[in-house]
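Just below sit the structures, each encoded as structure tokens.
Below are two complexes that have subunit A in common, paired first with subunit B and then with subunit C.
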Partner chain A sequence: MSELAKMKFYCDDQRCIECNSCSVACAEAHELPTGVSRRKVITLNEGIFGKEFSTSVACMHCTDAPCEQVCPVDCFYIREDGIVLHDKEICIGCGYCLYACPFGAPQFPRDGAFGTKGAMDKCTMCAGGPEETNSSAERELYGQNRIAEGKVPMCAAMCSTKALLVGDEQEISTIYRKRVASRGKGVQSAPYGWSEEYSKQ
Partner chain B sequence: MKKYLFLFIASLFLTSAAFAADSQIWDAMRIQNILEYGQDESLKLGPLFTMLQANYFAQAFLAVLVGVPAVFLLHYLVIGPKVFSHDGKKVYTFSIFNRIVHQIAAISFMVLVPTGFIMIFGANFGGGDFVRMMKDLHGLATISFAIVVIPMFLMWIKDMFLHLDDIKWLMIVGGYLSKTKRPVPAGKFNAGQKTWYWLATLGGMIMILTGASMYFLDFNIAMINSLTGLSQIDLLRVAAILHAVVGLAVVALFFVHIYMSVFVIKGAIHSIITGYKEEEEVKYLHSSWYKKLKKDGKL
Partner chain C sequence: MANTWGYGAMTNSLGDIQNAKAIIIFGANPAVNHPVGFGHFLKAKERNNAQIIVVDPRMTKTAAKADYFAQIRPGTDIPFMYGMLHIIFKNGWEDKNFINDRVYGLEDIRKEASKWTPEKVADVTGVSEELLMQITRVYAKSTPGTLIWAMGLTQHSIGSSNTRLAPILQLSLGNMGKEGGGTNILRGHDNVQGATDMCCLSHTLPGYYGLSVGSWKYFAKSWGVDYEWLAGRFKNKKMMGAKGFTLARWYAGVLAGKPGEDKIHNAGTNLKALFVMGTGITSIAQQAKVKEALDELELVVLVDPFVNEAAILTDKQDDVFILPAATQFESSGSVSATNRSAQWRYKVIEPMYESKPDHEILFELAKRMDFYEEYTKGMLMKENKKSYKFPEDATDEIARIIKTIGLTGWTHKRLKNHTDNWHMFDEVSLRGHGPMKGEYYGLPWPCWTETHGGSPILYNIDRSVKEGGMGFRNRFGLEHDGQNLLAGKGSAPKAGSNKDGYAEITAKNIESVLGIKLSASEKKKIGKNWKVDTSNIIAEKCMEAGIAPYGNAKARAKVWTFPDPIPIHREPIHSPRQDLAKKYPSYKDKANHYRVDTQYVSLQSKKNWSKEFPINLITGRLVSMNGAGLENRASKYLAALDPEMFCDIHPGLAATHGIRDGAMMWVHSPEGTKIKVKAKYSYSVKEDMVFLPFHYAGHFQGEDLSHKYPEGTKPYAVGESANTVTNYGYDIITQIPETKGGLCRIEKV
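Our next item is the complex of A and B:
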């Protein structure tokens, strides 16, 4: 990986078979409470022949992340490698990041006082949070830190068809182009969410 | 009146039952929510909210927070307060019911406004527990305000419709730009008070509804969804934008209201505590009402 690597997800909707492994693996790996699904498999154009496809969405770790721009307590920080993380100890659970997000990624467990929205939870690309790496505090709040251990994020590691990929955006683009070329048929449109995720580079 | 109040409060609390069930935001509706983002056929509310919140809202609130008091200070120094005799007769203006309703609203606002500002400038307070607590207080004060907003709306509405006096009042800005004491055209309430009344009650209801929808997230008034055709997430974006825009107006006039009652018209605040206004104050600042009271032999 180069110094300037920017980490991205990519879900190849030609390959995704809607098995939901990624979202189950994510929920289990990070011991997420019920009601929070950091990753979700969605099916679009359901029942329309030739147009139906499934894809897996989570936080896409946007370039110029909108969530980071609107947060009133500035609790987001963007790592050198482009992973968008936030500090749950600072977050006040106002919901603004959800309103700004193109992917509906931020979620709010109802664990605040009087059942108010608790601290926001979203996909960390398995990179934990601001607490000490691999500490129990980090694990408690954000789940595993697989990136620090040199492992691929859980969802992509689990994906049986390798539809869901994660890594340096240059490499991901190369794989994507190769796949399009080798399929060699039909008009291949950019995968879902591509423009929002990559456009503002 | 009781019936409406009950319906209103019930509708606020019943919706809380909705959030336990399937969330419209993260489950089935998630597809619709994200599909609409920035698409040509959508209202682009996501990017609009992001742009406004990232660049304008906090700045606008800061401008009101600094600008409005600065104008007052200048006004106070240049023109100064209006002083009326407190030794004369008194005019009974506000019933005990009026005063209790007003006081509950006033206390609620004294919590809502500072806690709102603390959330907006949350980063300066370091976020975390303190700002979270302010957010919870903001939510609690909403409940007491929601209880009195409809009684307040109904108890004063008959005095609050536009009158010819109001146009004249506005032309001379209520006489506040001159030092001389002259009878100012106004009934029981002047044009400034009327504006504040409508903003605090109708605007206040907008604040309650938009605030409640942000609180519950799944706050679902089927009628609004079907009327507007907006998805839940877009409704939340509208709510967040409205809460900030209407909030700006509410805050600005709230400051004006306090400045007038505490600083400009010396002792005016006593009227909402005791119920009595100074006769001289009524004679000058509410001259039409004064004439009417005279004619009716009520003085």
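Our next item is the complex of A and C:
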């Protein structure tokens, strides 16, 4: 990852098969309550041939994050690498961010008789929160901090078909560009172009 | 499969699917059941423009990624395939050279195919003529094409015919023994291939040796025990050679003698005890009978890491024992993948609490039954040791004995080496590089010798035997009806000393086929034939000469020992089309089918089942669960995905019964059983069909059995078992239950 890295998610809907390994891996890794889903797989037109497709959605870590704009207590902060995080100790659980978010990313604990109560929870791109990195306080509130350990977020690591890509936006676009460029070119056994260049001689 | 060309296993590998130009999938849903493996299908599509064709009664997640989708009526795969063959032969799209050199008996197939006009196929399968022609054209023209199947093809009363016609389709197009071709059967669980190879089955010894006296004697010798002692463990020698009960119908062995139950042939006694290891028996058909049988048994032992829900299902209070088994993370050893590759697994943690690995439980049992020494002796024999090391010595014992499928090269040292150097292998070709050069990952069997690199693509004659090449196996004699069954001229694996067809290698013919002379000492040591040659001289000499030890023959389209020599269509026992059930009736009833008299046409013609039970019933899996589902339902995050048992139902069908989305409904079975499940509207099923996932247990015919779970063991999700309502019906050869083509009646609760 370069100093200029901006972290992004991308889900290739040509590859996503709604296996839910991203959402289960996320919940398991961060030990989330079952009512909270930081990541969800959405399927549209289910059961209709030629129209059904799925994609995996979580916080998209927007550059101009609407949640940050509307938060009345200003609990959000955006890291230099673009990851949008928030401070649960400041959050008042009002739900304004949920109204503002185009993706339905903010989650609220759903325990108790009257439903939603408590501080907001959302995808951290496995980057923890404002507490000391990899401290137990951070883990308790935000789950694992895999980014600090140099690891890919859990969801992308567990994706069955590698539909879900995450990391430096340039890296992601390189991977995706390669997929597009390799379409119809056959199975890769040597670098593309080699067979044309060298095999005929 | 084994009856067509020698072995009943996936011919290529998951990675090799990337080489395909077309992928046709019958009765399999890899996007749900093999999500990681499905990545190879997607890559084939992405990089290779592979056309994906799905033939299934349901618009599955796999079909969602397909280019063509044919929604057939359950149990009509044979008419569909004959329809394809009809069009292929009519247009001359078959591979004539391949058929001429490598296939026997295709004329009869041509004759049968000529009857299946697209019009007739459309009537029987429900797939339009246009779509059938489109699919056939695409599949026949885009070669190599690979054919995929799983339980949707096998779990029928005609399952064994289905799994013969699919290979015949591939043979006709010359798609066998090719990169990107083959018949790739997807195994449903971890190590199913290994369990099958070791024959955790009732009709054969390990390695598919069968139950003949000769086979028993080979094993007696190889295990270092006296044959007469072995025979003495059985009631008599006849029972020693008799096939046993199967998982599908063990209950019949308990219930026989009661009114309405099938007769058994079990040496005059019913089954009294059941010992279950590593299978959730709540995921097999005829759940109500299973319950009745469990109640009736004198002893039930369930060995499982979780509470096997058989213990919950039964009302039996005494003599039910639950033994905690160690998981894969708490044990080590080799497992076989779907493509015949082995992989060594290391133990991650010591077994927790009082759980024990399976082998320890079996060894303890053997001690108490007083045959522990005989049981473990085979592990000491290779190096004449005083004590064994498990599982290393067990692995070497397998390698020493199992010649039929070529496990000689699977020594524990080599298998560990492959796991350790996993990164040095290519995912598509499985070829190793660097220090692993010359070997394929996991040494896919047959791996003929301790230096052979494995055979990633079966029946591939474009490679030498040393590099994993081979023709079809010479398994069915040298000729039939006066026709030669050996491969045609010039059609032999590359670089062999013999360029034509040849018989399987025996001590008698080795010198003539290989064109060599054996020394006197070799002649003394050599075994009778390649299957029992523990000296391995035959295999070693064959490798030098580039000859496949099992011969080089033709595949056969005709199995003259089967009730249907060529596959023909027969309607399911419970067919929604009474007119077709009369035209394509099921088999004659079969006596002593794995010890049980089994009903076919008598049950099918007993009454018009479809009148009372007009709706097709199919079952299948969910991505979040496997098998009986307990281990998944015990995980709160997996249970949260599918917290309740449900029934996929088309909104149109639901509306005619007044069933709302999310409302409870009854599903009634011709067996007289019923389940109460939640309706889930779905367009993936047609209006004459419902789909049930089979991973739930803990409810039985509307009754909640939650109170029966031992404290702290109740999973997060419980529900009705689909198999309480699956119908009677078993394959004529394998006895697999007909769960993918039955009938039901639905009702609003």
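Throughout what follows, the second predicted complex is superposed on the first by the 176 of 201 C-alpha atoms of A that agree within 3 Å, B and C clash if a C-alpha of one lies under 4 Å from a C-alpha of the other, contacts with A are read in each partner's own complex, and residues count from 1 in each chain.
Heads up, the rule we're going with is that contacts are C-beta pairs under 8 Å (C-beta built on N, C-alpha and C of every residue); 3 or more make two chains touch, one makes a residue touch a chain.
Predicted model, so just to flag it, every value in this text is computed and none were measured.
With both complexes brought onto subunit A, simultaneous placement of subunit B and subunit C is permitted, the two fitting side by side without a clash.
Judged by the touch definition given at the top, the superposed model places A:Arg110 against subunit B, while subunit C stays out of reach. After overlaying the two complexes on the shared chain, residue contacts for A:Ser173 are found with neither subunit B nor subunit C. In the superposition on chain A, A:Lys162 makes contact with subunit C only, while subunit B stays out of contact range. In the superposed model, A:Cys91 makes contact with subunit B only, not with subunit C. Set against each other, subunit B and subunit C differ in how many residues of subunit A they touch, and the higher count belongs to B. Of the two partner chains placed around the shared chain by superposition, subunit B is the only one that A:Lys40 touches, whereas subunit C remains out of contact.
Touch criterion met: A:Glu18 reaches subunit C, while subunit B stays clear of it.
Once the two complexes are overlaid on the shared chain, A:Thr63 sits clear of subunit B and of subunit C alike.
When the two complexes are laid on top of each other via chain A, the two nearest Cα atoms from subunit B and subunit C are 10 angstrom apart. If you check the complex, the residues on subunit B that touch subunit A are 19, 23, 25-26, 30-31, 33-35, 37-38, 46-47, 49-50, 53-54, 58, 119-123, 125-128, 131-132, 135-136, 139, 214-215, 217, 233, 236-237, 240. Subunit A contributes residues 35, 37, 40, 42-44, 57, 66, 69-70, 72-75, 87, 89-96, 98-104, 107-108, 110, 112-114, 116-117, 193, 196 to its touches with subunit B in the complex.
If you check the complex, the residues on subunit C that touch subunit A are 18-19, 31-32, 35-36, 38-39, 42-44, 46-49, 59, 61, 63-66, 69, 71, 426, 428-429, 623-624, 636-638, 640-641, 682-685. Interface residues of subunit A facing subunit C in the complex, by the touch rule stated above, are 14-15, 17-21, 23-24, 27-28, 34, 46-49, 52-54, 160-162, 179, 182-189.
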